[in-house]
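Here's a structure for you.
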């Protein structure tokens, strides 16, 4: 994946990666170097990947990765070029391996690298308010406005002519030109992803970033989490109202309009020219087509094809819903 | 409308207003001066108004405005005293004309006029915390409390004995006596109103303000947007819980109680003595009567008469809903 | 109850407590001293308690309190050792009496006792950002991280190895070891509890605190209100996503996972190992068992037994719901 911000501590020898995990048969593996961890689609032959659910069998059969953490009963789907690493809990092992490559992507402790904006040499024509803090590896384009008390932590690139409000927190994010981020947003925080464990849940790294396309607007108090193994993307000319939550790995298309208090769960994909009414919720891992209208308050639990209007919980065809709910 | 805060750059000659918009037949119009833009009800004979949907035909037939931006097929509803300006997209033209009268009401960039509160000479008996910023044209009554990091941007009037929390942002707002605004609220921001356009959405000005009546309370993290062509109003002795979103032009009555995470879409009117349970949502342009009870989680998509209890999505009579949902 | 933070101004003579309330027959009462006000279960014989609804008759019959504010028709449930104080509006009188014991627990005005963190002598190994304010009676354990602009108002105890984000506000709260509080949370504010009154609502004191158990995480922009007469509790190893609202007196168990934008109304009790999907809402005064799964978007209006999966509004057995909503 495109990962401009998190430092990759690899490569590691495959045998060392596995030894540290306490896998029984790690000695079967060589000292071949592994450079990164990627999903099935994006891995190349220097990468390790993972495959934990049969529904990804098609991608698994075509992966270019050299190693794949998987379950014994799924290992036959992999091509010969990809050596299976069979474990009982795929995601937990993946979490641990990813932590080795990207140890700084697990927690979101506050960025102690920040400095007062007055101490930095910024682009011309940036206007800024009071009490602003800026971290390392931050670029801000020309003609930007940055409101009071805003914190731009490390790893942020902001295009030109953007208006950032007050009390905003941004990290690990690329913002394109002419974007408005309104007051009180938190953008680029790690997602709500971890492996439940009765003693102490196991967080996994979030090495994705947030990308906000040009001409878009994010309303007050919204939270947009960065991706775990891919990016969270807001398209161009897409407007979000206040108090919206966009979870990790979500992709939202262009010219889409999302009203207040909507929530979009992890890894769902929303098309172009979509309208989502206030307080609607969209479950994770769904695909919402182009030109879809989702009525306010709907609970979407299945994917929706292009050019469809839905309403209800669970959301269904809007005419059917209204006919049954006079 | 009552607009104490946004500077009106008019009057303009009607012919100049229209010429700049590229309307073909602008030469039909004179150099008669237009002083303001108002809605059908509130316009006087020095104003321009607009009429874009047949459902407003009754108000249109009685408007006192001298000019009205409208559709060709609606123009017959106007009185003889009101000259129609026929266009294809009424709201887009209205947006452009309003921008001429009120160019500073389109964007909500941070207020660079603010100063540290210590630099101002305030009323007696105001107690304030640390890092507080105050903009131009702000009045704060006696015995007020203002919490840490709070930003009161320009155009705010606060009555006496109010308690403003910490991390609050307020602009373009009138707060009456004895109101509590809890931590992290954003009050008076422009509403989520714009004309969708595939290349770049067209924002329109929000020249309304927010008015919060006396003895009311607004819970933590709530957002109350100011109106576009009218005001957003919270009545007296009305209590809002945390994380509530009130959109532009909404009017809420007196003695009303609204629980956490409720959302009220644009231009809806809520009566007195109304109770709204947590997470309920109310669609735009509805009228909720007095003494109405809306159960938590309801999705209200139709207006509700006085003295009614509703529940469900779509919300209906509560007894009927519970009978059908044992 | 366990109340480490609010100063009790008692004891008061019972006759004086009642005289000031304007009760007609206060002269029946003696100058016996009352040391505190508690609920039926927790009162001892130096306390006053209250009993306002028949559903608590079992607890009432066993209370150890010496006095009980109640309704005439409920007074027969009380043991002989407990003298009834019969009034028309129990909760309003309780509010007034509690205000006498705990006058500082009614409003949540900003804490003017705070100092800049640099002015304090803190534990070793605390890392902190910029512009941090700390109130009186605050303890912070070793190896904690505290983000920028965060305000820790009076009466807060934070364990070791906690990570507090930026723009957070905390008061009247105990946080155990190894807890993460993400950006923009407001924790420990008074709950949304008051007695409606047409002229001016009557707030009652919130003398409870918030307790967050070890290894837990609270997502960005969440609000957790402190209790009125008991505490609000988040268990150990329990994770909350962004924009969650937890109302006063709620108790959440251990190893529980709550997704974004969930709201839990006052006094509900959530078990261990519970999973609550995004945007679900839980009404007040319910009991949700252990190992319960609540699907995203559900509206829970009845208690749920252990080991149950529910979905819908109102939430019912998930299989039944899905069968009826194909």
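In order of appearance the chains are A, B and C, and numbering begins at 1 in each one.
Assume a residue touches a chain if its C-beta (ideal position, glycine included) is under 8 Å from a C-beta of that chain, and two chains touch if they have at least 3 such contacts.
Computed from a predicted model, the values in this text were never measured in an experiment.
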For the homomeric pair subunit A and subunit B, should the interface be classed as same or different, according to whether the shared residue numbers exceed half of all numbers used? different
Fit subunit A to subunit C on CA atoms, both being copies of the same sequence, and give the resulting rotation angle in degrees, nearest 5. 120
Note: subunit B sits from subunit A at a C-alpha centroid distance in Å of 34
Residues within subunit B bordering two or more other chains: 131, 149, 167, 184, 221, 243, 261, 279, 313
Provide the residue numbers of subunit A that touch subunit B in the complex, in ascending order. 127, 129-131, 145-149, 163-167, 178, 180, 182-184, 215, 217, 219-221, 237, 239, 241-243, 255, 257, 259-261, 273, 277-279, 296-297, 312-313, 325
Which residues of subunit C touch subunit B once you look at their complex with the stated criterion? 107-112, 114, 116, 131, 133, 149, 151, 167, 169, 184, 186, 189, 192, 194, 196-201, 221, 223, 225, 243, 245, 247, 261, 263, 265, 279, 281, 283, 299, 301, 313-314
